[in-house]
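In what follows, structures are represented as structure tokens.
Below, chain A partners chain B and then partners chain C, in two separate complexes.
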Partner chain A sequence: MTYLIRRLAFMFAVLVAVTFLAFSATNVIGDPLFNVVGFYASVDCDAVIAGEIKDVIGTVAGTGVGECERVIEAREKYHLDDPLPIRYGHWIGGMIQGDFGESYANQMPVSSILAERLPKSILLMGVSMVVALGVSIPWGVAAAYRANQRFDRASTAGAFGLLSIPGFALAIILFYFFVVRWQIFPSRYMDDNIFSRLHSLVLPAASLGLPLAVVYQRLLRTDLITTLQEDFVIMAKAKGLSDRRIMFRHVLRPSMFGMITVVGLNMSALIGGTIIIESIFSIPGFGRELYVSAIRDDITVVLAGVTVTATAFVAINTAVDLLYSYLDPRVRRAG
Partner chain B sequence: MAGALLTVQDLSVGFLTEQGLVRAVDGVSFDLEPGQTLGVVGESGSGKSVTAKALMNLLPSYAQVGGTVNFDGRDVFAMAASREKHFWGVEMTMVFQDPMTSLNPVKKIGEQIAESLRVHLGRSRRDALVEAGDLLEQVGIPEPGKRLNQYPHELSGGLRQRVVIAMALACGPRLLIADEPTTALDVTVQKHILDLLDDLRRTRNMAMILITHDLGVVKGRADEVMVMYAGHTMEEAPTTTLFDEMRHPYTEALLETIPRIDTPSHTRLVPIPGRPPEVIDVLDGCPFAPRCRYSIARCLTDQPDLTSHGVGHLCACHAPVGTPSGTEARAANESAGTTAAGLDMDQFARNVPIADLGQSGAEG
Partner chain C sequence: MPADTNEHTISSSRTAKYWRKRSSATVELAARPVGADAEPDPDRAPQRRLGVTFWAAIGWVALVTGAAVAAPLLPIADPDQIGIGPRSSGPNWDQWFGTDTVGRDMFSRTIWGARVSLMVGFFSIVAGFLVGGMMGVASGYRRGWIDLALGFVTYVMLSFPTLVLFLLVILLFGQGLWIVTAALSIVVIPSVSRLARAITIAFAEREFVAAARLLGATNRRVMAREILPNVLIPMSALLLLGLGLTIVAEGGLAFLGLSVADGFSWGKMIQLGAGLRTLQTAPWVAFFPIGAMFLTVLSLNLAGDRLRQYFDVRELGIGGR
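And now, the complex of A and B:
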């Protein structure tokens, strides 16, 4: 129990650090005000309103007052006159209440952008994960069962072949054959019902999941081969259990640690992968939105993306740590 | 033999390595009556564990196995070939050396014992767990109900070995093979485990093969003892006969390595110089000849056959201990200072400092 509390406290600290760094970086590099009011960010608006100087653009005193009033308004609205930690406090306070701010680009609340975009990306990542695990576990077991024999050697060669193709290249190859030539899958994301969604996600999920499956398969295979040398496996054979039962009931579970650790760490690869894959397969998901927002300096959206990503990453890795204690009772006592 | 439960005839096990064929077991034969205990004694590498694994069908597929093994009229190797499902783990079971590693660390003890009952006897989960609790009680584990839900790491070595024994006994085997069952345990626990095995064997009328490197372990527990060296049977006899009238120099040497309470204090233990040979290819002479105090010229060229030295007493030696030829051979070697195989007889003198013994052992 104390272990759980410690883990959660640690998770909280990591999130505060990550969001603060992200917030500071996006606010220090470039002027946030510029993203809202453009050129007027660099005009001395207090002097313009007071009539002391002319608007830099206009020639008549008093022009540009309207624009300058918008600047003052924006400063107050986004707390831009406050020091950085206080602005961070405002931002994170709003975030906790579900207010992610609004997009500088189109004044839409970020929370509604998230609500629309995020589910598609989560579905994509989920299906990719299913592909990665669904392929790697049977593959790893089959390779380890007869290690260094024909199937294992062929699968090793195939694995290195797949590993050497980057995910985006695989995506383009798959897209060319399955969409352009054979037209088995749609070229854009079909959002009609769950079947059409899954149908349009087959290729993107394969592009994301297969390269990961290869890595997981290699890890699982090695750990399985190690576990198969253990005395308790000989004991299980001496009990007269079948090879299949020994593999799935005795060997698989204690061999999953390496793989599960990397599954957790690979969440960032998966999230990063959605940015590219969503662009290639025209999926209006959050990855693509993040990419577009980053290009047009839409800081609130980018920050929301960083926060969501970091939270998911830390939460999943905490879950992985907790999963260890399910997989191996010896960890429970240590905690 | 008509009444035998297990008949092993001319068992041989070879492993093809890059250096050649390693003959881990070479022409071993023995019988075991129901309810009897056979002690198999030898150093590491003598082939005793490989023999056990051959009987249990645990050898890797590349092992070359020869000979016949008959269990109550059933051909064991034929059952292995046809992947018989309910023989090993039911009729014939095995207990291993290291209880710290022979239990699955991620499964509860109850589950691990119940598994055999469910797979082989088709018990329901609940019934199997109840039976597992009974088995834990039979092997002398306190609070069996609580132990069922514990994991192996929560138990001591001695308790774990009792759990392993309970697992082996689950389906009521007629033959239990115990491969060095106490070697990995604390000395204080060893006797308890051996006594437990002996009690269980008696109450269940189960035959047992007790494998050990320690002649002291089989004394008083085994009905018969077979001494193995380099894959060969060196001597086989009823236990009392073996201790009273041992014929093989290797048996004698093994016995001298055991500390005894009835010898005067400060008597040195006599290690056997050298180490067992790498059993590659066929040896011309006796495999023990290079380390033997009794070796004569014939031992180097002519491998001795097992010959009878009394009722049920077999020994493979050209110059057996306690016979005129043996006594003569040893006296001749002592006066020459070296054996026919070139072994320095001074090593056996009682006044050699231990440091020197260690050195000569390392060189051998």
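And now, the complex of A and C:
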């Protein structure tokens, strides 16, 4: 129980640190006021409203008062006159209540941007996961079934090759053959119905999932070979069970633990990978939005993105750690 | 492969002997019958030689590095000169790798592109290993609040979405060569630090460390003279694997237009060739840099994996991860 509390406190502290770092960094990068009101950010607006400066941009006296009132309003609305920690407090407070702020670029609420973009990325990640597991489990079982025989050696070599292709290069190779040459898949994301969505996600999911499948296959193969040495395998064989039944019903299940742990940890790699893959296959997903927003200093969207991904990462990792400590009490003591 | 035959053939290094002894012990365990196949796992069977594949891989890396370093001296075309050949012409005798859409020589560009790729990859992995290694050794040896604080720092680094971290660093500090290198090394640090910590914990309990402490060595001296060499030798194998990772990461950054602003790397070249139009008319513009990157990363993976088996780091990963 104390372990659980300690873990949760740690998780909370990490999240505070990540969001605070991101918040301060983005506030240094772009002047938040400039993002809201443009040129007037640099004008001494208190003086304009007080009437001390008449001539703001070299035109008729008295202009700019209206704009300057907007500046003051924006300053109050975004708490821009407060010191950084207080602004952070306001921002994180809103965040917790589900108020993600609004995009500086188009004044849309960030939560609705997320609601529109996130499902596409989650679908992409889900399909990639299916590809990764669907390829790696049969592959790993087949390789471990006759370890060090011809198929296993060939698959080891193939795994090395596949592992050495960068994800974005694999995406371009697939894009070239399946889209440009053979025109089997569309060159951009089709959002008409679930079939067209899945159809246009095949290549992106393959580019994300195949490199992961290689990693999982290697892990699963090693664990399967270890499990195959257990006495219960000999027992099952002596009982006369078929090899297929032994592999899938008896050996696979206890060997999957290591792989599942890594599957959980890899979720964050998937989140990062979506940024590049989504821009190659023009998928209007969350990763692409995050990238575009960062380029144009749309900091509320970037901050929301950092918070969402970091929270997901920390939550998954904490869950995996807790699962570990539940299954293996030694972890609790080692801390 | 009995354990004692190893002893005669190994180099003078005491640590190497230690690693070999441990790994050959596992071979005997693994040699138990495995279902229908009684053969041991080849991953675990350490051979005493590094093998042809290893030297071929090292040879390719050396060739690419040599060509990249000597690029200004080689008799190749100017990589930036437009119209050196016809536009978008395929590989031929004058332009071995063909030309791109504005008629630049792809062979020369592939060699010049290696410069930024390799340089950023190399310096970032080295910096990441130095900083991460020191953090890991300090937290594994001192434990207590130092361990807690450094563990917290690595966890925060891990929790940041990688590409967003790059974006923030680059938007804050610009796209200079050393800034991109530093940004990449930040990504390497947490995993290196975790591994170094695990290895350190395993060594901190050993007799020679206790002996050094009994002789009155300071903590700093024990860490630098007793533990660090033992941590660095097995981790050097991971340096090659890590170099492959950083080269790919730089490629990804360059592909998004976020890497070094002046000059170009393989990733940038791939981006230039990856447009729908260019892929239709001149696919080689993307495929030659992809091929170069693939061969280099493959070589680094093969060589690194062979070295890792040679020193078998995996054994210790179980202890403290």
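Everything that follows uses one rule, which is that the second predicted complex is superposed on the first by the 269 of 335 C-alpha atoms of A that agree within 3 Å, B and C clash if a C-alpha of one lies under 4 Å from a C-alpha of the other, contacts with A are read in each partner's own complex, and residues count from 1 in each chain.
Note that a contact is a pair of C-beta atoms (placed from the backbone, for glycine too) under 8 Å apart; a residue touches a chain by one contact, two chains touch by 3 or more.
Keep in mind that this is a model prediction, so the values were computed, not measured.
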item	value
Chain A: partner with more touched residues, chain B or chain C	C
First (chain B), second (chain C), both or neither touched by A:A236	first
Partner chain(s) touched by A:R245 [first = chain B, second = chain C, both, neither]	first
First, second, both or neither for A:S112, with chain B first and chain C second	neither
Contacts of A:R253 with chain B and chain C, given as first, second, both or neither	first
First, second, both or neither for A:S196, with chain B first and chain C second	neither
Partner chain in contact with A:I172 - chain B first, chain C second, else both or neither	second
Chain C-contacting residues of chain A that also contact chain B	237
Sites on chain C touched by chain A in the complex	32-37, 39, 41-43, 152, 155-156, 158-164, 167-168, 171-172, 244, 248, 251-252, 255-256, 267, 270, 274, 276, 279-280, 283, 286-287, 290, 293-294, 297-298, 301-302, 305, 320
Residue numbers on chain A that touch chain B, as the complex places them	230-232, 234-242, 245, 249-250, 253-254, 327-330, 333
Chain A residues within the chain C interface of the complex	10, 13-15, 17-18, 21-22, 25-26, 28-29, 145-149, 160-161, 163-169, 172-173, 175-176, 180, 187, 222, 225, 228-229, 233, 237, 243, 268, 271-272, 275-276, 279-280, 287, 290-291, 294-295, 297, 302, 305-306, 309-310, 313-314, 317, 334
Chain B residues touching chain A - in the complex, by the definition given at the top	56-58, 85-90, 93-94, 96, 98, 101-107, 115-116, 119-120, 151, 153-154, 164, 167-168
